[in-house]
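What follows is chain A paired twice: with chain B in the first complex and chain C in the second.
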Partner chain A sequence: MNWMYSLPLYVVHILIIPLLLIGFIRKVKARLQNRRGPSILQPFWDIAKMLSKAETISKTASGTFRMAPMVNLSAVFTAALMVPWLGVPSPIAGDLFLVVYLLAAGKFCIGLAALDTGSAFGALGASREAAVSIHAEPALVLGLAALAVHAHSSKFSTLLAGTPGNELTTILAALVVVAAWVAVIADLSRMPVDDPTTHLELTMVHEALILENSGRNLALIEYAVALKTSILLGLIGQIILMGAPRHSIGTTYLLTLLLLAIATVVLAVSETVFVKLGWKRVPNLQSFGTGAAILACLLVALKG
Partner chain B sequence: MFPSSASITIPLTLAAFLWMAAPLAALFSARDTNSRRWSVLFFLGALCVLLAGIDCFGHPPVRIVLPAPLGLGPCRFAFRCDPLSGWFLGVIGGVSAMIAPYLRGYCAHIRARVDMRLFWCALSGLAMSMALVVLAANALTFLVVWELMSLTSFLLVATDHEPRANRRAALIYLAATRFSTAFLAVGFLWTHALTGSWEFGAWRLAGPAALVPGLFVLAGLFIKAGVFPFHLWLPIAHPSAPSPVSALMSGVMVKVAIAVLVRLFVIDPAFTNSAFGILIVVLGAISALWGVLFALVQHDLKRLLAYHTVENIGLILMGAGIAILAGSHGPSLVAQIALAAALFHVLNHALFKSLLFLGAGSVDVGAGTRDLDRLGGLAKSMPWTFGFFTLGAASICALPPFNGFASEWLLYQSFLGSACGSTAPIHRFGALLLIGLLCLVGALAVACFTKAVGVVFQGMPRSVGAQKAHEATSGMIVSQAALAASCVILGLSAPAVLGILQVITAPLPVAGANLLAAWNLPFGALVTSLVITLLAGRVWLRHSQSRLPEREFITWECGFGALGPRAQVAATSFVQPIASMFCVVLQYAQSLESVGENARLFPDELTAHATTEPVLETRVYGPAARWLVQIGDQILKFQAGSIHLYLLTMVVTLLILLAIGGSMK
Partner chain C sequence: MGLPQSFEFGAVSAALLALWMVGITDFRASVTLFGIQSFVLGLVAIAIGARHGEPLLILVGVAVIVLKGLIVPYYLIYAGRRIGCRRDSLMPVSAPTQFFIALSLLSLVLLLRPLHAELPTSTLPAVGILILGMMLMITRRLAVSQIVGFLVLENGIFLYTIGQSHSMPIVVEIGVLMDVLSCVMLAGLLAFKINKTFEHIDVAELTELIG
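Right, the complex of A and B next:
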């Protein structure tokens, strides 16, 4: 598909899907807890509220703190144009390593901003996020690299094409989905690695990182996280679809939306069922992801 | 001398004259001489070398042989100008030229303590000898200029020799260079015995015959390059040298060893054996991980950067090793990509590591310390240094779209290519694991530089020095600006660089497509998207700020009252989660002491300690050095000045020799 068509399509989805997804997660969680919960559209109102409020900034903060959320969002937005997370060819032909490093660039900025206020909580959050990334990024890259070797290219368009009906592709996709899922929930600070709804500073990871942010600054970060959630879940959806028979672009798109909804429900259920892991046990969980990725590599190495 | 070599000899000779004129004139001036003249001469000399480097691409390889009086017996002083040496001349000249404006401002800070005449002599000598090493065409010429390089750099490390730690660092460095030269000399003599020639170009050893001399040469080069397990001098010597010298040594000098390695083992190889490829890849991988892990737990900004040099040399070696391995299976594009990745990373690392060392030097001058626990909040007092240092950090972490990413991406592609290209499962699996390792190293580097930039430049100042910090002089800023600009430009113009690398890697046998086709990243679209979103964001932010002005308030302190700088997270605590994951490698241990009547529940005072141990130094090199000294003590007993003992020794030796002689009959 020409980028002239896919670019507007992607931009529209980038504006709508992320916040809808977050609202949907909250709704499902609330229903599972026998609550009515806020409307699915609540995240939109939240963001609108934050944007209309003046921000409060620490006296210690320098320009980094003011600019970082913008740079981060810009990196995540660009990544969103490079990953075919909607099941439609992305406007920019993305490369696996480029996308992972682009997201890391965003994290680097947010980490610096957290240290900028001199808050121990922010720094703690930054330190823990970095520690989580040390496991999550290699697992994600290794898993996708196994697919890349299978497809002989690190471009997402080729890497996710697969060969339908091929047993190897199916097993490989299953392993990579496990690896990517564990990496992604850790990277996005979801349960059981981190509880996005907690408000006890000492146990928080992502919430501690952004403790000092408020107003429009916070809105940018929240939106970037939501966007990143949809990109990565959409990417996992594409890996699942690798095993399925080929369809037209329209069907793939609808299937992707369905898978996004399913992923959201799975996320909500797992957040209701599991409790947050102790910080020291997080690496144990993440080693499952790394293990699955290494298995995928072994499979590719042995079977081509 | 060949007539066609005229165009290249002119800039080289000019550089030699300029670089010799500066120290000679400096020798006749005052002890604390720090005139602008010296840095201008240094700059001009560097420009000439850069020109010579560019010129090397203009014509077929040229050989320059010096007239007989400078000959070394049967072997003449000879230099070879080809694209490979041109590339390294470009790195040497370019980085030296960009460091030149920094020198005067920095030296004003040390001139009272050190002998500046020696400093200028040694600096010019180092720059010149580095240029000659990459040009050397035969083993004897190489050893002479290599020694010159070792000795001048030793003098530079010893520039500020008042503190005891610096003297110790200089001596350890000197010892390392001795070992390096010794290994190289043995390797060269051995090769000479096997081939009968001193010329690098005439050496053609392959298979088992190449193994032993090749290993000696590799060991010598590894010591100089600071590769695991020979890196121990690097984090000791680099912090002791003045910052522009650290920049030159870490950015350029360690790469000179890489130049020789590439010449003797990869392009037009003198030693051919795929075992070298495996060894280089494995040691490169260990160096990368080891370097970044130890960088993570450092407190001294310059030592942290020095450990990152170990990491980056590891990355470069992985590329070189993959080039050897891929090349050994017949012609392949992978070998070319891998070598291009290694050479590109040589240039990139030279730029951003020099930039970071210059930034560390500015911090040292501005705040009076390099100790991470005494810095903080410098972003406000040193905005320029902060901006350039952060850009350098982003480049070294390989964040797109800066130059570090371009070369690391090529490295990823070469791993991917060798995983796809090979049929042996073990090779495929190994290459895939290297991808994971490179990503792990990248994630650790991001963590490390979040810590370095965050603790040094953000938050509140942790000492009076940091509170009163002042921005560097304009010359020092110009240097950093030039290096930062080249990091950005090289990142964006990677295809052009690949065009140059295509010429250098041309001697490798290649099948099919060329190097430029391998670069298929949508960099234009990426940069457009980033720029548009950032500009739009900036406009919106301006508008929004004027409508809803921000409000300043304290940092959240849980209602306990004003936060002091000591309540901030320190460098040690920032890396605690990661360091404890790798506690086996780092020998990381934490201890908590609580004092008070009810010490367990209500302590009056709490002290936390985190310690790491450089295992290699304390467990291997330390005991080995002590053992050597002990043996020396034992041998010393024979030299006690007693004539009886000497006579006895002689008689015993004579008897043993006679016995050996008799048994041989």
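Right, the complex of A and C next:
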């Protein structure tokens, strides 16, 4: 499919899916906790409300603080156009290293902004978030790199094509899904690494990072996080589909949406069932992801 | 996926389950993983038996699923609950480090790959499980966790034998299973006794003589 069709498709989905996904997670979580919960559309109203509100900005903050959310959102938006997270070829042929480090650059900017305000909480959140990202990175990069070496290309379109029915592809996809899932829940500050609903200073990671942001800035950050959630979950969906037989683009697209819904339900269930891990035990969890990624690399190195 | 592939898939996933067990310290979780591993190996035995038309091997597979997949894990969890042990702590090497050491050991096993053409498909995973079982036995400090390590090691041997072209005679296979069962029962009783006498089952602390 050429970019004339895929670009509008992607832009429409980028505007709708992320907030819908977040609303869906909250709804499922509320139902599991025996609450009725807000409407699925609530994140849209939240963003609209935040956009119309005035901002409170620390006097010590410099221009970095104002710029960072925009830089972050543009990085995530670019990544969203490069990853085929809808199961449809992406408008821009994305390279895995470019995408992973674009997302990391966005996160770095948010960290800078948190340090810029000079508040103790921002610095605490930034250092914690950086530590979690450093632990999560090898799992995601090594896992995707194993797929890249297997496909002899670091472009997402070739890397995710796979060879269906091949036993190596199946095992590889399973290992990379484990690695990517562990990395992604840490990267998105989800349970059991971080609790997205907490505002207790002892435990919050991502919330401490964005504590100083309000109004428009906060809206941009919340939206960027939602978009990143859908990209990464969609990417995991694509890796799962690698092992499945080839389908037409339409079927793949519907399967991807289904997998996105399943992934959000899994997230919601795990957030209801698990408790947040102690800060010192987070690396233990991450080591499983890294281990799975290393195994995937080993398999590729020895087989092909 | 054809039968040969699914059979290799089962063997490899059993090895991965053993690897997972090295990385965790929670006793109940590792016993559960052991149960799943035995279940997978039982299915592998049934698959091989069905492929070669050996009804006895199918019988062994069913026996493994029932004995090592259900009865032994239930007994161990019961024993663990009665003794009151939850997780292995104070190990000389921490669990994540052990996990990476085990990973490197497994990759050393994978270096035997060039010999692969002459070996049956399940040999490398079997050797891997054997090594991981030994590692579990060496590193754990709770007596009951060491029993789990021994059982994992035994699973490795089982996978090795059923992968050979001339597998062990049924009498030996069933005999080994019974041995394992009685061994676990005895070891469990011993653990109860140790716990009663010393009020803990940490093997590193078992240095004083109590009559």
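Definition applied: the second predicted complex is superposed on the first by the 304 of 304 C-alpha atoms of A that agree within 3 Å, B and C clash if a C-alpha of one lies under 4 Å from a C-alpha of the other, contacts with A are read in each partner's own complex, and residues count from 1 in each chain.
In this section, a residue touches a chain if its C-beta (ideal position, glycine included) is under 8 Å from a C-beta of that chain, and two chains touch if they have at least 3 such contacts.
Note that the coordinates shown come from a computational prediction; the quantities given were computed from them, not determined experimentally.
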Check whether A:258 is in contact with chain B, with chain C, with both or with neither, and answer first, second, both or neither.
-> neither
Where does A:120 make contact in the superposed view: on chain B (first), on chain C (second), on both, or on neither?
-> first
Please work out whether A:283 is in contact with chain B alone, chain C alone, both, or neither, and reply first, second, both or neither.
-> both
Partner chain in contact with A:41 - chain B first, chain C second, else both or neither | neither
Where does A:295 make contact in the superposed view: on chain B (first), on chain C (second), on both, or on neither?
-> second
Where does A:92 make contact in the superposed view: on chain B (first), on chain C (second), on both, or on neither?
-> first
Which partner, once the models are overlaid, touches more of chain A's residues, chain C or chain B?
-> B
Where does A:167 make contact in the superposed view: on chain B (first), on chain C (second), on both, or on neither?
-> second
Check the residue A:12 against both partner chains and state whether it touches chain B (first), chain C (second), both, or neither.
-> neither
Touching both chain B and chain C, residues of chain A = 283, 294, 298, 302
Chain A to chain B touching residues, read off their complex = 51-60, 62-64, 66, 70-71, 73-75, 77-78, 81-82, 91-95, 97-98, 100-102, 104-105, 107-108, 111-112, 114-121, 123-124, 126-128, 130-131, 133-134, 137-138, 141-142, 145-146, 148-149, 152, 154-155, 201, 211-212, 215-216, 279, 283, 293-294, 297-298, 300-302
Which residues of chain C touch chain A in their complex?
-> 1, 5, 8-9, 12, 16, 19-20, 23, 95-96, 99-100, 103, 106-107, 110-111, 113
Could you pull out which chain B residues touch chain A in their complex?
-> 376-377, 379-380, 390, 394, 397-400, 405, 408-409, 412-413, 416, 419-420, 425-426, 428-429, 432-433, 435-437, 439-440, 442-444, 446-447, 449-450, 453-455, 458-460, 520-522, 525-526, 529-530, 533-534, 537-538, 541, 544, 548-556, 558, 563, 565, 567-569, 573-578, 581
In the complex formed with chain C, which residues of chain A make contact?
-> 165, 167, 170-171, 283-284, 287-288, 291, 294-295, 298, 302
